[in-house]
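Naming follows writing order (A, B and C), and every chain is counted from residue 1.
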Amino acid sequence: MIYSLLILSSPFSGDCSRTAAAFARCAIARGHTVHRVFFLDTGTLASAANSVSAQDEDTALQSWAELADLHSVELAICITSALKHGMFDQTEADRNKCPFSTMDPAFTMSGLGQLVDAYASSDRLITFGG
Amino acid sequence: MMTAVTKKTVLIVLRHSPYGSGLAKAALDTALASAAFEQSFDLLFMGDGVLQLHPGQDSRVKGFKNLGRQLASLPLYEINHVYVETQALARYNIDVSKSPVHIQQLNGSEIRQLMTCYDHLMGF
Amino acid sequence: MILHTLNAAPSSSAFADCLKTIAEGDAVLLMGDGVYAAIAQTEASRVLEATKATLYVLADDAMTAGVLNVSAAVSSIDIAGFVALTETFPRQQAWY
């Protein structure tokens, strides 16, 4: 089946963002297609390239980046939420006169139209919040 | 950008207060994007989500967007009716008689019936 | 049929709202702070059992929280079990 995921959970409160990444990995392992993962509201913080965690802690960013690297899953970030939370890709960094991108390159800037496309073209939409 | 050919029906479930988090705004933006792409969807306000319908919201003092007024603009996007949990309206004594959109009130079991009528549920 | 994923403690409005919509034949997956509703002999686990939905708890989340005395009515599953539930149930509602 074709899945899309909507991530509203912040990677910094609770563990839901990482659970979602594990869900996506497992869905692929079971033969499903993950059409798109769409990050909205505080969910967009998963792309924070400059977040530093305690050395012995796994981060949501690692889980998501692995998913993009190994399985070419599209990690789409809502641009409005991203800019609000200080997440810039290189294009937005240039436009907002920020000297560097603050978003991990595994993620791509996107609009809500891509969330609509995701649910319209998927058999399953799984939402992760809280 | 829009590649989807298959349409799916969606129920957007709004359960959080308007200004306590970004969720209400995220849900409303999702609804407007869905309307722009001519999708088949409905809105359900339940629990604290009914606080978004509280009349008289005025956020000018805070300098951010008035979510109540944005909801009032729904008919411009041809969103003419919404579903609302009856018990939650009563809990907060919210008067929706002057609502700019038509409100259909539902109790818990009716909400459950409604939820099974859609391909996807989006919980905000 | 609905798969309810509950990621909030039993005292939350998310839990209360979720309860209003659960029907027999549904599945409820407790995750994150939702795992506390799986604790045996609590009001929360009792009201969930009364819904006659099938109850699950995400094993890693329960272990993290130290919820070991899981109610007998709640099955412990891993992430593959979660994916399997979404294969069976056509729609999911996230409560949080």
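Methods note: a contact is a pair of C-beta atoms (placed from the backbone, for glycine too) under 8 Å apart; a residue touches a chain by one contact, two chains touch by 3 or more.
What you see is a predicted model; the values in this text were computed from it and never measured.
If touching chains are joined by edges, the resulting network of the protein chains shown connects every chain directly with every other. When the interfaces A-C and B-C are ranked by C-beta pairs in contact, the top one is A-C. Centroids built from CA atoms put chain C at 26 Å from chain B. Touching two or more other chains at once are residues 14, 90, 92-94, 96 of chain C. Taken residue by residue, chain B touches two or more other chains at 120-121, 123, whereas all remaining positions touch fewer. Chain A has residues 8, 124-125, 127, 129 in contact with two or more other chains. Contact residues of chain B toward chain C in the complex are 13, 15, 46-48, 85, 108, 111-112, 115-116, 118-121, 123.
Within the complex formed with chain B, the chain C residues making contact are 1-2, 13-14, 16-17, 20-23, 90-96. Within the complex formed with chain A, the residues of chain C that make contact are 5, 7-8, 14, 31-33, 58, 61, 64, 79-80, 82-84, 86-87, 90, 92-94, 96.
Those residues of chain A that touch chain B in the shared complex are 6, 8, 40-42, 78, 80-81, 84, 111-117, 119-122, 124-125, 127, 129. Residues of chain A that touch chain C in their complex: 1, 3, 8-9, 14-16, 19, 22-23, 26-27, 29-30, 32, 124-130.
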